[in-house]
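In the two assemblies presented below, chain A is common to both, partnered first by chain B and then by chain C.
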Partner chain A sequence: MLTYVIRRLLLMIPTLIGMTLVLFVIMAASPGGVGASLRSAEGNMRPEQRREIEAYLKHRYGLDQPLYRQYLRWLNHVSPIGFKDVGPGWPASLPFGFKAVDLGESLQRRTSVLSLVEEALPVTLLLNVLSTPLIYVIAVTSGIYAARRRGAFMDMASGVTLIALWSLPVMCVGVLMLGYLANKDYWQSFPVGGLHDTVSDSMAFLPHWIGGHFQRGWLLDTLWHLVLPVVCLSYGGFAFLSKLMRAAMLENLAADFARTARAKGLKENVVVMRHVLRNSILPLITVGASVLPSLLGGALIVESIFSINGMGRLMIDAIFAKDQELVMSETYVIGIVSLLSLLVADLCYALADPRVSYE
Partner chain B sequence: MSSAAASLPVPASAPQPPDATSSFPSRSWLHQVVAATFAGLGARLSLVWICFVGIVGVFAPMLANSHPFLIKIDGSWSSPMLQSFTPTDVTLLVGFVLTLVALRFRRISAAKRVAMVVGAIPITFLISYFTLHPPLTPTYEQYRKEARLGRVQWVLNAPVPYSPQDILTDEFSVDRPHPWAPDRTHWAGTNSFGSDITSHLIHACRIAMAIGFIASAIELVIGVVVGGLMGYFVGWVDLIGMRVVEVFSAIPTIYLLLAFVAVYGRDIYIIMIIIGVTGWVENARFVRAEFLKLRQQDFVYAAVASGLPLRSVIFRHILPNALAPLLVSTSFGVASAILYESTLSFLGLGIQIGEASWGQLLNEAVSNGGGFYWWLAIFPGVAVFFTVLAYNLVGEAVRDALDPKLQSRA
Partner chain C sequence: MENRFGVKDFVIFSLLVVMIVVGCLLMKQIDRQWDQLRSISSTLEDQSKDLRDVHDQLSRGVVVNENSGTGSASQNSPFGPNDPFDRIEASQKLSEYAKGDWLVTSLAGHVAKLTPLLSGDMYAQDIQGEILESLAVRNPDTLDWKGLLAKSWQISPDGLRITFQLRDGLHFSDGEPLTADDVVFSYSFIMNDKINCPRDRSAVERITSVTKTGPLEVVFAYKEPFFQAFDLAASIFILPKHFYSKFTPEDFNQSVGYVLGSGPYRMEDPIAWKPGKLIELVRNERYWGVRPGFNRLVYKEFGIDKARLAAFRNGEIDDFYSAAPEQYRDMLADPQLVARTQHFNYQDPLWGYRYVAWNEKRDDKPSRFADKRVRQAMTMLLDRERMVQQIELGYAVVATSPFSPAGKQCDPSIKPWPYDPDKAIQLLKDAGFAKVNDQGVRLAPDGTPFRFKLTYPSGSGNYDAMVLIIKDALAHAQIVVDPDPLEWATFTDRLENKNFEAITLGWGTGIEDDIYQMFDSSQMIAGGDDFISYKNPELDQTIEQARRTVADDQRMTLWHKAHAIIHEDQPYTFLFFPKHLRFVDARIHNVEVIKLGLNPLEEWFVPRLLQKYTQ
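Let's look at the complex of A and B:
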């Protein structure tokens, strides 16, 4: 298992290089090339500020050099292994080895991308970590339910409902929930946006009573803010997975091993729960690999609707400001996160199915 | 690889059209699939909705336009609507009529009919581009003003007498700021700029259909070429190709889209291309898998042995047999392209403000001041939802129609 993990981690490197190359090509082939963010922000920039950014970009990309060198130089900056301290020229005999990862500097916010990502990434991961188990629990339960009552009214109804839910755009649901559940003119029962109340810093951590008044505390306040975003993020995923679960259950309920289990006198509940269910979960774990990147993408829309300061919102802001440095480094980080989650999905597959062995 | 493997009778897993050498897959097989697909009620209703959206999109400038169709001012007749038509409007109308004609003419072969329609469209566009001169800066309120002055003797307006770009400057009053809730003149209300939502909804059909079809056509072409090459050549080509596929599927598509939009701008055609360029991975996977199954079959060896060029082997002999999973993924691809366009527009990064798009209306439903305008959320939301649902239902139906397991059970 350990060797497999190490091999997979090493295989991530070419994929990551490919991803960053795609991004770099997008940027380099754009009208104006890598330095275009200079010109686009020209109007509201002082001359010395402009010179400063020009010097920075020249140091980082070597704008006068051929494109492949520009890319290698950028790659060297963002990788943990490489030449240390690349100056404006091309490294001839510089020390090679482990070094600090330099994600660059946001041209618009004048801060390092690393600090921005450090703030935003945990928020996005929190949303995903909360939604993923929710999706799987609901999908497995409703899949079992539908498969056991195949052809019954509930099965048909849930089939139609699920494909409808799956087709329902996240932004529609988000806007409608925000409008009807959080607006002061309708049922204002949920917070409008953000992750915390403005006074949450002065709250105690756990909910408690103060002088007969209920105070919800920091934890409950955060959870309260998370309800709508997490619902938005999960419903599409569980609709997709429930359909998959139902199909897998139907196939396995008719399989030989299920018949054998019934024939030796096991109760139907035991057959379903112990024999059929275990085999039916496998395809759900396989597609987990494709659900995770789409969750990261969905988080972008959800964050934008509910004004949560995660990776998605950072990205949208960066794009509006044409902050290419931030766009590039953020996509790089998102790529690492999604590759790692793919690896986790594969490992879960091995854990769930004893026949799968990565040795 | 070896000739021994080739001589073994390999059971064909994909449905085999009997006439695989024609440029189109056998009609009878396709007819079977189409008939099986649209046997169910859900798929039929979906088809009706898709046709409805398509027709509304084609006739959008006639259904919602500030320029009257016929008007008599001071005794002289004119048709401002026809004068305001752009080359795109005319091309769509001509294309629609030609398609209807081509569907009626069964005597000519299908390939020729498709070629005629496809060939006529660019010619129409070129002719209308040089002959039509729509006003560059149209004044939308002109005819309403003249009607108020009593100069109009007779007028035939469009069913919705407002263009999406018409911001009702003549109906503006300080005590009634936009957006307006739906009423008898504005059936679906107005947005914060003051343009009519019904008109936006009608014109947005065109963008949704165009995005869906063109983006998924691009996806299809890239997917078929890349997937076909990977599946046919195996070895190094496959290895490199799969790494590219992996690269594109590891980045969440929306991030890739945003990076593209950030760099290349927000023109509608650019967005179509971008959605196509980011979404081909699924198609490539399917085509590769089919090609891997088919490449060692006898008919492929026969085609190679008779000295046919590579493109003929790949596109005329293998591809028609590998079409089945592509039908499914293209149907879902259209749905996701429409979804991506409205998501981009919703985020404020889609097509330019002022153009009609369902996603853009959704964006305006919740204002920064805390107001919620339900008509800006419900109407476009329902439109996007129904369209995406329709394509997904068709996709499911095609998948069921092609599934041999389900067929044997029935």
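Let's look at the complex of A and C:
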């Protein structure tokens, strides 16, 4: 097991290098090149001035170096092993060894990428911590329910609903929710965006009554703001996983071991919960590995619609501004998380199914 | 079988999760309490410092000026004859005036940095404008300069030296006095090569030095006479030396929210703001001038415009600016919304204009557009009034030049070229474009069909519609236009390399605009903004002369001359100046349109009975 994990971890290195290299080449080859973001940020200025500024920034961020050097410099920065103290014109005779990981500096925001990620990651994680369990709880229960009542009205109805949910684009649902559920002219039950109310700083922490008036409190206010984004983030996931769960359950319900279990006199509940469920959970684990990274980077649309400053919005802004360091380093972070979650999924396999072994 | 996950495991597992969640919430709660405690203790500290100062002054027998800062009625303003606060004082004398309430504004984007000099975006600059102050401001009625931190100034006859005298009793929001040292520091801070502010640095490069000649007197010296010399000095934000000199250049460059100044509002904590947090400014109770009405200014960020609009409809934000014409029309059609809001459409001198630029040189040879008659014909073929109606729904003014009709540079006697296709075709015939081939396409003098690509930035419905109208209009004169939408980076690349036939785009303007950048032939150089290779020696001379002229009247005459030349030459077809469309909550009183757009929010207020936020 340990050898397997180490091997997988070591394999991550070339994968990450390949991934970022492809990204770097694409960005460098795009029209205007990397410097385009610097240029468009400066706008209405005298040309000599603009050139001076561009030259200053290019030098500051090492964009005046040949492309391969730019990439190697970035790679050296983000790697935990490498040359220390490498400035824009790095000589190769510097001490080599373990060093701090430096995610670089955003060209457009002129701040370290690390601080940007530090701000954005907790927000995105909060969204995921709420939506991932929701996805799985709904998917597993509705999958079991539908499979046990195969062909009944409820099965058909849930099947149609889930397919419908699965086909609805998030962009569309988000805007519709905003237009109906957060609009005073219709049913204004939810806030328009953000994570907190304007006056949330002066709220008490927990809900309570003051002079007969109910006050939401900071905690409830935050949860209330999270309802629409979390619904948007999760409906597609549980629609898909429910169908997957139902299919797996049906297959296993008809399997020999289920019949044997029934034949030896076990109650139907025990058969389903102990034998069938455990065997049917495997596909969910496989898919789960791909759900987590896509939730991390993929809250992109939802975050934009509901004005939440998470990783998705950071990424989309960076891409539009061609902010090379930010795009690269964010991809690097998301890449590491994706690869790790794939590894965790593979390990969960072994946990859920004793037949799987990595020895 | 022995390691089966049973009910007992489930209960333990759930308990564990609940405990972790409760622990996290507890930490969050303590964090919030800590923040509150810190803000209370810093307020207390401020107050005791003020009390100490007052006590010291009293014990020294100083009479504290009764008028300063209160804005209470006094015929003799404490701020001298050129009082920068006269309009605010007038608003505070209105019978319904009351202090209090918040102004909640929206930001149609994301603010990444609030630290002055480092942030380039418009929103951050707006917010900084409430916290930081400069030596002088524009008088909203006359657009002339009025002293803010400076009470007076003298310009030397050669225009190379400007001496400013600061007001007495200025101080920053932390109570420290503002002196000539801070002005000198602000300049030298910008000029420090280690500070990552190339933009501001190159803007003030014409200033050679700023020297202190007295505790409240500074002298700005310049390389050469320049018409915007005063603007440069007057618009530098004065930064507190005692605060910003604490940080190393590296720390400062990495900072996101280090902002402290002398303005009417301040951040509750001058270093704590981080991107993604709500931006809240509180009234600077120590303000040296007239304290404004709102207790708090709140800026909310929105990811998409639909959300911003929904928030305004719900009354969550008070100010919906930059509405698109269709949005504005739809909002006006909603009687409920109109009843509880006020709406404005006005000419904003900073909003700029739209144009079509005709490239006069291709592959080092004069193009079809090199002939003035062809450019004039193009302008007369385009019905600009119709464009204003169809694209901007009437909320725009047809342009005659790059000068805003709201400013003094524009010669109001010059009228736009008429929409006259017949005359245009006659001009084209005179220029040699007389024949039309079998396919019905007009032929150039060299026998090739008159067909060209009109390049424009993609992704905006507005541009698409405009290009279609242009295509349609020119088809009547048997000219074929091929729309050529390009992604922004590619677009700017083409501009840099002058690789296009005609483009349509917009330029921003200023209160007094420098057109040297676009129309002086010296700017034909690679990467220059005269990307159409337009050259008129007479215009070059006029522009250069105007830029050297410091006296306003003489300069305006020269700008009027430049206006006439540009109008005759039509290097661009000037389309229109769009208007700013804006809704403001009816709760806010004393909002009005002035020459600069809407009056500053320091003049706005909410009558007592309408106040919504009580803190």
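The criterion applied here is as follows: the second predicted complex is superposed on the first by the 316 of 359 C-alpha atoms of A that agree within 3 Å, B and C clash if a C-alpha of one lies under 4 Å from a C-alpha of the other, contacts with A are read in each partner's own complex, and residues count from 1 in each chain.
Rule of thumb we're sticking to: a residue touches a chain if its C-beta (ideal position, glycine included) is under 8 Å from a C-beta of that chain, and two chains touch if they have at least 3 such contacts.
Owing to the predicted nature of the structure, the values given are computational and were not obtained by experimental measurement.
J.: Counting only touches as set out at the top, which of chain B and chain C does A:30 meet: first, second, both, neither?
T.: Both: A:30 reaches chain B and chain C.
J.: After superposition on the shared chain, which partner residues are touched by A:108: those of chain B (first), chain C (second), both, or neither?
T.: The second partner, chain C, only.
J.: After lining up the shared chain so the two structures overlap, which partner does A:338 touch, if you call chain B first and chain C second: first, second, both or neither?
T.: In the superposition, A:338 contacts chain B only.
J.: Please indicate which partner A:219 is in contact with in the superposed arrangement: first for chain B, second for chain C, both, or neither.
T.: second
J.: After superposition on the shared chain, which partner residues are touched by A:307: those of chain B (first), chain C (second), both, or neither?
T.: It touches chain C, and chain B stays clear.
J.: With both complexes overlaid on chain A, does A:183 touch chain B (first), chain C (second), both or neither?
T.: Both chain B and chain C are touched by A:183.
J.: Which of the two partners, first being chain B and second being chain C, lies in contact with A:8: first, second, both, or neither?
T.: So A:8 meets neither chain B nor chain C here.
J.: Identify the partner contact of A:192: answer first if only chain B is touched, second if only chain C is, both if each is, neither if none is.
T.: Touch partners of A:192: chain B and chain C.
J.: Which partner does A:315 contact after superposing on A: first (chain B), second (chain C), both, neither?
T.: first
J.: Which chain A residues come up in both lists, the one for chain B and the one for chain C?
T.: In chain A, residues 30-31, 36, 175, 178-179, 183-185, 192, 304-305, 322 are touched by chain B and also by chain C.
J.: Going by the contact rule set out above, which residues of chain A touch chain B in the complex?
T.: Residues of chain A touching chain B: 14-15, 18-19, 22-23, 26-27, 30-31, 36, 160, 163-164, 166-172, 175-176, 178-180, 183-186, 192, 290, 293-294, 296-297, 300-301, 304-305, 315-316, 318-320, 322, 324, 327-328, 330-331, 334-335, 338-339, 342.
J.: Spell out the residues on chain B that touch chain A in their complex, using ranges where they run on.
T.: 42, 243-244, 246-256, 258-264, 335, 339, 342-343, 346-349, 359, 362-363, 365-366, 370-372, 374, 377-378, 381, 384-385, 388-389, 392-393, 396
J.: Can you list the chain C residues touching chain A in their complex?
T.: Answer in residue numbers: 4, 25, 28-29, 32, 102, 104, 110, 112-113, 118, 120, 196, 198-199, 202-203, 205, 253-254, 256, 274-276, 278, 280, 298, 300-304, 306-307, 310-311, 313-316, 336, 487-490, 492-493, 507-508, 516-517, 523, 525, 527-529, 613, 615.
J.: Sort out for me which residues of chain A touch chain C in the complex.
T.: 30-32, 36, 39-47, 49-53, 56-57, 60, 106, 108-112, 115-116, 119-120, 123, 175, 178-179, 182-185, 188, 191-194, 196, 198-199, 201-202, 205, 218-219, 274, 303-309, 313, 317, 322
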